[in-house]
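Just so it is clear, A, B and C label the chains in written order, and each chain counts residues from 1 on its own.
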Amino acid sequence: MATAAAARPSIAREPATAGRGVGRTALIYLGVLVAIFVIWEGVKFLGGVPWRMPGALPGPNNPAIWNPPFRWDFANDLRLPHIWNILIALGQPFQRGADETLAQYLFGAALYTWREAAIGFALGALLGLVLATTFVHSRLLERAFVPYVIASQTVPIIALAPMIAFAFGQNVLAVVIIATYLTFFPVTIAMIRGLRSVDPRAVELMRSYAASPLQVYLKVRLPASLPYLFTALKISATASIVGAIIGEDAGSIDEGLGRVITTFNQYYATGPEKLWTAILAAALVGIAFYLVVRAAELFVLRGRPGAAAG
Amino acid sequence: MSGAAAGAGAGVVAAAGGGAAGRWAQRVRYYAPAVIVFVGAIVAWELIVGALNLQKFILPKPTAIVAALNENLTSSRFNLLASAQATLVEALGGLAIGTVAGVVVAFATARWATARGVLLPLAIAANAVPIIAFAPILNNWFGLENPLSKMVMAAVLVFFPVMANVTRGLVQVDPAALELMRASAATEWQVLRKVRIPNALPYFFTAMKLATTLSLIGAIVAEYFGGASLVLGRVIVQSSSSLRFDVTWAAILLAAATGIVFYLAIVVIERFVIPWHASMRATESS
Amino acid sequence: MTGPDQQPIVRLSAVDKVFGRGGQPATTALEGIDLEIRRGEFVSLIGPSGCGKSTLLRVIGDLVPATRGDVVVNGKPAAKARRDRDYGIVFQAPVLFEWRSVEDNVKLPLEILGRPPAERAKRAREMLQLVELADFTRHYPYQLSGGMQQRVAIARALSIEPALLLMDEPFGALDEMTRERMNSEVLRIWERTGTTIVFVTHSIPEAVFLSSRVVVMSARPGRITKVIDIDLPRPRDLETRESRRYFELVTEVREALRAGGGLEGDDADGGGVASEERTLAEGAVG
């Protein structure tokens, strides 16, 4: 009697819409890329330097196939290389006489940067969790230290990166420290709020079960704080990558993307496409890192209302 | 055990404490731990570094940092004052450009749902990209020594949070309020002025607090990739590479001070513009 | 169905509860409460807002300590009964964990008690069968209606097979029709399990329909005005609600309430109680 009637207003969500939403988003990103391509080449079409066959040098064997009506300074091949030239450069040796292609070289550098950033990110998240747990359980420690945690948010922390890199010398430790440092501030703040966000009635319920403080922490506070944790992690993901890149650059670490970007920047005049490929690689690493965290979020927070929202 | 109860208890006790003197005592007791930590840290820093002679590493004594600050305020090599000014100009310029662009685009996305469908996912994607990696490109476009290259970097960093937040503020209005306006046969324009914009103001200020930090960081970090020598970013890099860490810390101190001043300026303006907002009234422990 | 046992499962002797420590003005929530509840009974506590009925429930459950007097639950002091998990409790809000499925929510107390996984799964499924939600084990709370969520909360409370079930206005947030349905549900469950139930309510019809006895409380400070035996035959159904004796008893309860002071100016819905609940929760946990 009660079941049939009560079942009617029950199911609120349909799981199928999630898939449709992802498809639409992908379409939008694709559309944006196409739009960028069109605008980029369109600008060069109107105001760039004469177009030639891709990948070849100017000369009698390589006549101009299109002469744009205007000449705009910012649309020349140095400032705005053709997109296909950038893509072609990926397939060529990354420097004269090398057997690795640019793509392979960048991939190796990206992997290196990713690893450092990931280690720093993980350490920072752990540190943030420990600090937040401590502060939530001790009001005194919280009042003593949290003001500084908050004040640091208004300070450009990343200003410390070159210093740390120079001080710790040419090694991975410096970069990991930078990434850790950039991650643990937002995680601490978010977790404090998250651990405290628990409904007091849930705590009362646990009391009726005579649950131990550890059980309350593990079964109530921690799960309740996870959405806040992931909000902070998504921000820290990108920050870790940025910190890694800058740390590598400042610390003269040869293998990471930071160094690659700086080198290609120095030789920009002879190969503007390479700098673009390096930056694109950095952007992709950032996006990939973010997506990994987002995927983890969707998995850990499955079943909660509002988890699917960006 | 639970923070909520302890906080509520402490709040109640504070309110009940007798008279102005009682309230002063409460204030002191509340802020004391933080102040003690601050003073203690500075003192410990000074003593430990001095005792262990750590100047070789990245931790000069606080007194040494202050000395470096004094010496280099207008020195020829690391002119901290001029550098700070130059960086400030870049950050402010970027802040202005980014904020204006963000607000304008926000109004557009609030008005047209299709624009929103495209631009918001874009904003989310942009959050994942290390935008700062584009600094060398900007240097090449606008010129290494041209402050515009750093301004644009700051502007791009500022644009996205401002746009996302203002859009949310304009769009996420209490449906009951909109219904009320419809019942009064208000025009879209009136709804905008009377409901959406006031609703968006708190979101705007939240974004601005973030934006001031971002604009400063954007300017400084962009300078790491190259720029005129008398800007804070270059001073930090060059003093680090010459192992003059006292100067580096002095520059960082200036950057931090600038950041805090920026933030406080926003807080003051906010208190002026939206004194009615709940966050202005409640005393929240973060 | 087992009839009420000789041994009282709950005995309160001269219980007082006074709130207000350290600087707050003292409020007497309960005064001189003497009450015995026999095994297998269904007892309702009814009274005006703020009369302390929720407090009384929490005193029985040792979620709030009594200031004076004895509280014996299941033959032990209340604190020990709580530690031994002799009772289950259902609040006005379901308080389900949004990150756990329905089945996992029901398993929560079993996990805390350390029961093996096989037993947890079995008990959970049995309980969900009892409340007729066996088809919804994999669902999440947000997918269920208010009434269904409360049924999950009841299943959870019963999962450890407690001798006593405390219910604090569990149907206060539901609409009238769902409420009447849930009343029949509770009676069915009560008859199936033989658990003693102490039920706090705002609603006179509900109290009379469900209970063996109705305890009427006065306005603050809460005292027991009258205990009324409900001699309506069981099983009770729609016809019971329309019988003459039912109306007589409802009138008797109403008269007792008025005598205790507090029918006028009473707020009829559960709004005020929810926040009273929350204050109690924070006070109890602290």
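To be clear about the criterion, contacts are C-beta pairs under 8 Å (C-beta built on N, C-alpha and C of every residue); 3 or more make two chains touch, one makes a residue touch a chain.
Computed from a predicted model, the values in this text were never measured in an experiment.
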item	value
Labels of chains that are neighbours to chain B and to chain C	A
By count of C-beta pairs in contact, the leading pair of chains	A-B
Interchain centroid distance [CA atoms averaged], chain A/chain C, Å	51
Gap in Å, rounded to a whole number, between the CA centres of chain B and chain A	20
Per-residue overlap in chain A, given as positions that touch at least 2 other chains	200, 203
Per-residue multi-chain contacts in chain B, two or more chains	1-2, 4-6
Chain C, residues touching no fewer than two other chains	282, 285
Residues of chain A defined as touching chain C within the complex	1-3, 5-7, 9-13, 199-211, 215, 219-220, 223-224, 226, 301, 303-305
Touch list for chain B against partner chain A, complex	1-7, 10, 30-31, 33-34, 36-38, 57-58, 117-118, 120-122, 124-125, 127-130, 132-134, 136-137, 139-141, 212-213, 216-217, 220-221, 224-226, 232, 236-237, 240-241, 243, 245, 248-249, 251-252, 255-256, 259-260, 262-263, 286
Partner chain A, residues of chain C touching it in the complex	61, 63, 82-85, 87-89, 91, 93, 95, 97-101, 108-109, 111-113, 132-133, 135-136, 139-140, 142-145, 147-148, 151, 178, 181-182, 184-185, 277-278, 280-282, 284-285
For the chain A and chain B complex, residues of the former touching the latter	24-25, 28-29, 31-32, 74, 78-79, 136-137, 139-141, 143-148, 150-151, 153-156, 158-167, 189, 192-193, 195-196, 198, 200, 203, 213, 234-235, 237-238, 241-242, 245-246, 249-250, 257, 261-262, 264-265, 268, 272, 275-276, 279, 282-283, 285-287, 289-291, 310
